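One structure is given below, encoded as structure tokens.
Naming follows writing order (A, B, C and D), and every chain is counted from residue 1.
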Amino acid sequence: MSITGKIEVQDKDILGALGAFFKRVLETDDINAILVPQHLSMKNMVMPTLVTDPEQLNGVDPLAPAFPMNAAKIVSRLTRKQMGSKIAVVLRPCEIRAFVELVKLKQGQMDEVMLIGMDCLGAFQNKDYLQYVDRHGDKSTERFYQDVLDGKQADIEGATLASACMSCENPVPTNADILIGLFGVEIADYLLVQSQSKRGTNLLNQMHMTEIPEPASRQDAITAIVAQRIACRDEMFVRTRAATDSLEKMTAYLANCVNCYNCRVACPVCYCKECVFVTDVFNHDPSQYLRWANRKGVIKMPTDTLFFHLTRLAHMSTACVGCGQCSNACPNGIPVMELFRTISQSTQRAFEYEAGKSIQQEPPLSVFYEDEFPEVVGINS
Amino acid sequence: MRYLYYPGCSLEGTAIEYNLSTRCIMHMAGVELVEIDDWTCCGASAAEATSDLLSLALPARNLAIAEKMEDVDEILVPCSACYLNLKKVEEKTRGDQRMMNTLNTILAEENLRLQGRAVVRHLLDVIANDLGAQKILSLVKHSLRGLIIAPYYGCQCLRPYTVFDDPEVPQSMEPIIEATGAKAHHWDMGATCCGASHMNTRMDVGIELVAHILEGAKGADAIVTVCPMCQMNLEAHQRKISHWRHAELDITILYLPQLLGLAFGISEEELGLNLNLSASDAFLEKIQKAA
Amino acid sequence: MKTATNLDVYYEAVSASDKLAPIQEMIRACMQCGTCTGSCPNAFAMDYTPRQLWRLVLLGQKDEIFRSKTFSLCSDCYLCTLRCPRGLHLTEAMDALKQIAAGENRAEYKYSILFNKNFMQSVRRHGRVKEMEFMTNYFTAVKNPLVPFRFASLGIKLIAKGKVSVSWLPKARFPLEKIFQKVNELETPP
Amino acid sequence: MARKIGKALVVGAGIAGIRAALDLAESGYGVILIDKSPHIGGILSQLDYQFPTDHCGMCKMLPLVDRDASSQYCLRKGLFHENIDITLSTELVSIKGEPGQFQVMLKEHPNWVTSDLCTGCGECVDACPIEVPDEFNSGLGTRKAIYLPIPHAIPNPYVIDYTVCTRCGACEEMCPTGAIKIPEKARGDFRILVVDDELIVRDSLKEWLAEEGFAVDMAASGQEAIEQLSQQTYQLMLLDLKMPEMDGVEVLQKTIDEFPDLDVVMMTAYATVETAVEAMKIGALDYLVKPFDPETLIPMVKRLYQERAASEGRQIEVGAVVLCGGTAFFDPASGKNTFGYGIFPNVVTHLEFERLLSGTGPYHGQLVRLGDGQALQKIAWIQCVGSRDLQLEADYCSNICCMAAIKQALVAKQKARGNLDTTIFYMDMRTFGKSFERYRQQAEAKHGVRLKRARIHTVDRHAACGDLILRGVDLAGQSSEERFDMVVLTVGQRPIGGANDLSELAGIELNSLGFAQTEAFSLTRSSRSGIELGGSFTGLKDISDSVVQASAAALNASRILHAAGGSLALKSSSFIPSTDVLREVPRILVIVCTCGVRLPAAVDTQKVIEQLTADPLVDGVDFVEQTCTAAGWEHLEKRVAESKPNRILIGSCLPYVYKRKIKDLGQRIGLNPSLIDVVDLASEYQKHVLEKEPKEFITQNVTSKLEMGIARLKWIEPSAPPDIPVIQRALVIGGGVAGMTAALAIADHGFQVDLVEQNDRLGGNLNWLERTLDGHQPTELLQQTRTSVEKHPQIQVHTQTRVVRSTGEVGHFQTTITDAQNTEQTLDHAVTILATGGREAATSAYGYGTSPVIVTQKELEEKLSNQPLDATQLHSIAMIQCVDSREEPRNYCSRVCCANALKHALHLKEINPDIQIYILYRDMMTYGFDESYYTRARKANVIFIQYQFTEKPQVMANQESVRVTVIDSIINRPIQIEADLLVLATGIIPNLPTQLAETFGASVDEDGFFQEADSKWRPVDSLKEGVFACGLAHSPRNIAESITTAEAAAQRTLRILGHERLSAGKVVANVHHSLCSLCERCIDACPYRARSIDMDQDRVLVNPAMCQGCGSCAAICPNGASVLEGFLEQQMLEMIDAAIG
């Protein structure tokens, strides 16, 4: 049974209300720690912090337009094995979805975490955020959410939402235990809180939340924002497909890649302990480079850049949740997210799979079904 | 070649022309026919429907007489119904001493005894296999080129004993027809049933069956038969059938030996063609013009 | 559930003395494949198809069988016998049913029985069949004024062609009285 | 260690023969596998799709452990196993001796094409002027006298059909490799004696035969003939039957013993054919009916001549023989041919239809009307053509046709993408096998295959449009006429031609129908000890049953071999100690076969050398003329001896030809054979030459192929394949007849067996079964088997014992059992057989339980044997079949109930012929030879009433009697039966708790029976290696069939028990633990359940014996933590690089 309640907001201090709420969560018997984004100092990025002392929740800011890393990786670290305690984690929808993927890949477990998902307003690219926070100081978060809730996406005080966020059709978390809602809510008065699982309901019950009905305006607000994002996304798909529909174009698209592998490091679902691209497999014989060059007259250095991205697409595109950390991490401005999302769209549809959607759905390619892809397998033709 | 000859009742009555023409062409072919003394009715289909034993005893009598007669064992029978009844005795007594004894008990009443020597042959069998198309060809004086003839076999010379032809898709008549210069009509009605005595007892059913056959013969100039019952059924009710079916189904029906006789140049009178109920003038004219 | 009372068929065990027994014996191996029905040229006119008839025979439904016209419509073409995958002598079984019907003088088969009876009488008397005599007797016997009418035109045609001698008696006569009697004697159980 | 290896002969290389041969070979025996045709695979080589999966899967029969001993690719293409010698075009001549020591004479038809030299280029075919119907496509196309027997075989050398070859020599001239050598044995050496009193006959025969080049003499009388025979050696005598003084038969009698090598053919008039047939019994080979023309005579004489000229005898010694004689099929053109087969082009047999469906068929799998080429829209199947037909003396069911027709309808529908109407006309739909019933229901409900219960007698053709017209009658009695584009005749089985000869020369009995007779309670034992029967020789069967029976035959053959001292070989390591080259830098010698002048003509060899030697690891590039010849190979060896490379690459054709040569070479020079590789250059460059590609292109292509080979060799790490130790003991769970049989079979091979039974006595269902339909005595069988088990020193029987748990894998399981006193005991064993049995299902249908006169079949059997039931006092019995069966949730046929009903009915009729017995059935599942009992029961006046599933019988019972009301399908009216007893056939349910199956890593199917690894190809194996099942736990079966599954399961265990260590294949997967993120996707992806996670060490483990090297794990692993030995990533990348270069 889902419970809908409200977090009272005093003096329009939303972050304060959230801080208080998280504090109450941490004070319940069930929860021993909480992972939540906080400012350590106002000049800094907002980073995930693991808090056990309720008094250390002063800088809570999950609404800041900062998204320095996908915290699913952190949650995975915390839950890879039995921890012995229960923690609550405050995540964006894309982080939850990434975590679901990682759980399926046995890189984490759900048992000991309480997922608290926030309606996501999006975020800036890292460098944009730093400039923004520079300009607006401790009012930056407030200005940001007001602007976004007013319907702005681009040109928010001179900055623009990350492209991944602009084309994200999942601004509302699914698979969370507890959801904190902003869309369609009079946030000056209260924030919506809603349980999405039995565990969440239990927790909210312990916290004795004031129950309210979901405001009628919420679904409309969500529909509107999703429609806007889908339109943006589809336009991005068209653009990206046009830019990558041949090997030559793809090569050009990725020409700036320097094999720094930052995108891979930033990717929440790239879970290998050691990437094949740093093993001996790609440690070619010196003579090999010359042979390649000989064959064509000229080769781009470093080599294997296209191969690297194709390999990652092959391995990860079915698990891609579209968080955009790859683009965020690229030092040379390659629109990696656009490429991954565009390809993922096709691969996930091919397997009737949606990354992060459900913990039950088996990841593609685990099982060979004799009757799937007859046109590829060549059976029954 | 010599055969004992069993004409059967019909060939003395409604099928006189079958008898005439058979004797004619056999004579032409140098075949001697020795009519069985004092032959009697084979029982037709009526005996079967009355008594099993009687239906065997009646033909057995004729076989027993035949066995007494000449040194030849083969009995030529033109009528398919007679043929089957006589044949049945031959088949059923073969290897069945009890049956033989029972029949002989009956035949003893007329001081006859069946030994099981007699071999019953259908006229078509003799024409197709003993004479053969080659022999027929040699006798043809008046080629029937230009004519299309539908071979109709009926049932009882083919079934249930498969002696000389395929019982479902018979073919023995085709080479003979083609030997006369005529063309065989290709149809699949050659071995279907004409309704036998239905014409007498259930005319509605009989007509249905005959109508199918006549319809199938469209395109042929004539149908040839080898059985008086078939001949009668096919020729006697053509007007009525045409009327019922709202179609022109009239066609000349001939006995096979009549057709052969025409090709051998024998006169229509000798072949009893005037006795046919359905030999149309147009057909006879076409015969004259043929060649 | 249907109760026993409103059933229109009631099955009784067939005793060996039943007249159907020898026919049942003939067709026991029947497995109801329906080849007979599919082959029968007269099936269209039958009330029971041959397959159904054999089923009724196996189930001993004597009354049902002799209410049916099926066997009287058998024209002895032997197709079913030829084709039966069990090698059953079905035409003979049909004849056997005709014989029972004739023996019992069943009114349902008046025409066929009279036809055959008159035919056999003609044979018994003369040894060979005289068509004129036998047809006249048949027409008289059926007592249906319409039946001879149907054949009138044909009869006239035949007479005109000289095929049916107007004389009633055949030229040669070989009465088969002795044989008929002996057969009768053998067939009558002591 | 002393190695005594027994040898077995397997006759017939169809599916059964292959299974038996592989089973014996895997156990370590030597096997000689022969087939009279020039290819393996038997009839299955013509069938592309098998039900219920609708595709092939033959490769699943290949060895799973010690895989490298055999080929590991499509089994339809070829089979190579180091313990199997295959000789094709070879027939059995005689079997002499005793079990364990047979002297077998074989007759080989040597091929005039040297298979090692034939590259399959096909130029000979173009040259050949002779065209004959192609039997591979069931006569739907034509082939030449020199031809490929099947298009997909490897090796696939051309063969010459010497019965039609005119020896014109055209092919010999065309052959670029000189592979064809037509023997020049002059026909003049073949002397023929013509004996006839008629001069005209003698003269014309002499003229015809002399013209063909034979030496002909004449004799005018029998006396003269005998004189001539004594003066001169003749090979053939053409002998007139009817001659004055001494007739043909007399001459034959006088000469046949004195001249055993003389073939005699009788010449007879039509009238005396019977005498000629008699003469054949005395010893004449054949007869000719006079008058005959040269078209009849010459081919016959040629055939006799060729057989003599072409055949070579070979004697072998074997311990046991498995005879898989195969089957023939009814020819619908024979006899009445009411279907117009051979007359109407679109009337085909189901075998021909298989070829029409096949991509390698005459129409490349396009479903078109023959003749006008239009797409097929309506196809009808007619079942039981030549089966269940007393007129054709075929009082049997051919077993497989129902499923074959459904499968064909489904495959055809699939090919036509739904635009196809399919109708199957049938009598009883015999879906008696595992999963068949559901398959049938799906075909009808989901795919729209129409099934009509009607026997069609005749096919007519519409004269104008060629449509085929079927007239039939439906259940309601309605005659109908329907048109079809094509009619498929599902033709029934017939004994093979020459079955009598085979039975005579093998000394085995045939049954009255001409199929091989098996002993009581066995499907494999012939009447002669030491000769086991397999495959459709004992009656047509589907793949599954064939494979089970073949394994059982192998088992029984193995028993003979073992008893005769040819114990299972304990395999010593075949790994050759060789120079350790691991630490050396690769030095690769490249040798390229020029194939005479063909390669240099097509390729710039200098450029090849230049490009290859640019790689510093290439030691040298050399061209050799024809490596396939002895001289060429010698040259190669010399070159190797000179440069002493540590890796060798041979570029030639047909890599498999070199398999043995490479092994020998490696042994001689101390180089691991896996460091010598062969790449196929020829097939590709020859194609390019034909397509007139430019020389540079072909040169590049050849270079690139060689570079790929070099890349592969560079990275090869020669290491011994892993192996695992084997605890040579077996555990059999379940002490019914299947369990006991399996235990005995294993114990008889000298291995210890623990037999666990939960009841207090052995025997299972045999404890109540009194009789069988075919009149054998189960009680005697039980007595014998139980005694043997209990007395066997190698069998430990544990009664009143249950399995508690089990861990481990093939080679070493540890299973804990507990007895009545709750004492636990742990058994170590290598293999497990689940023989937990099954029982009659309980029911509450049809008023069961409400009246003592309603009983089950089992209860009836018990009542009859204990005799509380006096059958003489009964008047009427009704039996209802398919109670709760063939409908959800028990949607399967229990296979034995119809036979059981017949058994009871016939037994009761025997005791009391006056009892009226009514059997109410849906489809009588009297498959195979049981059909005759169905006929017998009908003849015994048992009344069979077919009821519809939708209108089940109604039962009203009191304590004394029961009234059954059923709608008879034929007359479509209710029939009422008053009965003293109602017997319900409730079917079989398995006794295989899911938990027990899962304890051993096996699983159960949706009906609770054992889930096979593959229902067709691995029917008694579980997916987890080392676990097998048999008996009723596997599937419903009668006693003999259950025993056969037990023997098969036992045989499957012997493959494992026979080794002290189980060797895996060289290509197995491995885990680089340092890279592994433990996502476990590889565990999910492994289709062989070879992977598990070690919780203690946090590691993914691979069982090398279970791993089949398929590479699924390596493919799914994102970072190469999962690797496949022999397919390293670097190696693959370099090869790809070379390929695209």
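Here is the rule we use: a contact is a pair of C-beta atoms (placed from the backbone, for glycine too) under 8 Å apart; a residue touches a chain by one contact, two chains touch by 3 or more.
Quick caveat, the model's predicted, so the values are computed rather than measured.
Two chain pairs, A-D and B-D, are weighed by contacting C-beta pairs, with A-D ahead.
Chain D has its Cα centroid 55 Å from the Cα centroid of chain B. Taking the mean of the C-alpha atoms as each chain's centre, chain B and chain C sit 23 Å apart.
If you average the Cα atoms of chain A and of chain C, the two centres end up 92 Å apart. Among the residues of chain D, those touching two or more other chains are numbered 336, 338, 458. Annotation for chain A: no residues touch two or more other chains. In chain C, the residues that reach two or more other chains under the touch definition are 44, 82. Taken as a contact graph, the chains fit none of the simple arrangements: neither line, ring, star nor complete graph. The touching residues of chain C, when paired with chain B in their complex, are 41-42, 44-45, 72-73, 75-79, 81-82, 89, 91, 95-96, 98-99, 102, 111-113, 115-117, 119-120, 123, 127-131, 138, 150-151, 154, 157-158, 161-165, 170, 172, 174, 176, 178-183, 186-187.
Taken together, the chain D residues at the contact with chain A in this complex read 53-55, 414, 616, 1074-1081, 1084-1085, 1087, 1112, 1115-1116, 1118-1121, 1129-1130, 1133, 1141. The residues of chain D lying in touch with chain B in their complex are 336-338, 458, 460, 463.
Those residues of chain A whose C-beta lies close enough to touch chain D in the complex are 105-107, 271-276, 279-281, 287, 295, 315-316, 362-363, 365-368, 370, 379-380. Interface residues of chain D facing chain C in the complex, by the touch rule stated above, are 336, 338, 384, 388-392, 427, 454-458, 471-473, 477, 479, 875-876, 916, 934-935, 938-941, 943-944, 946, 954, 956, 963, 965, 968-971, 973-978.
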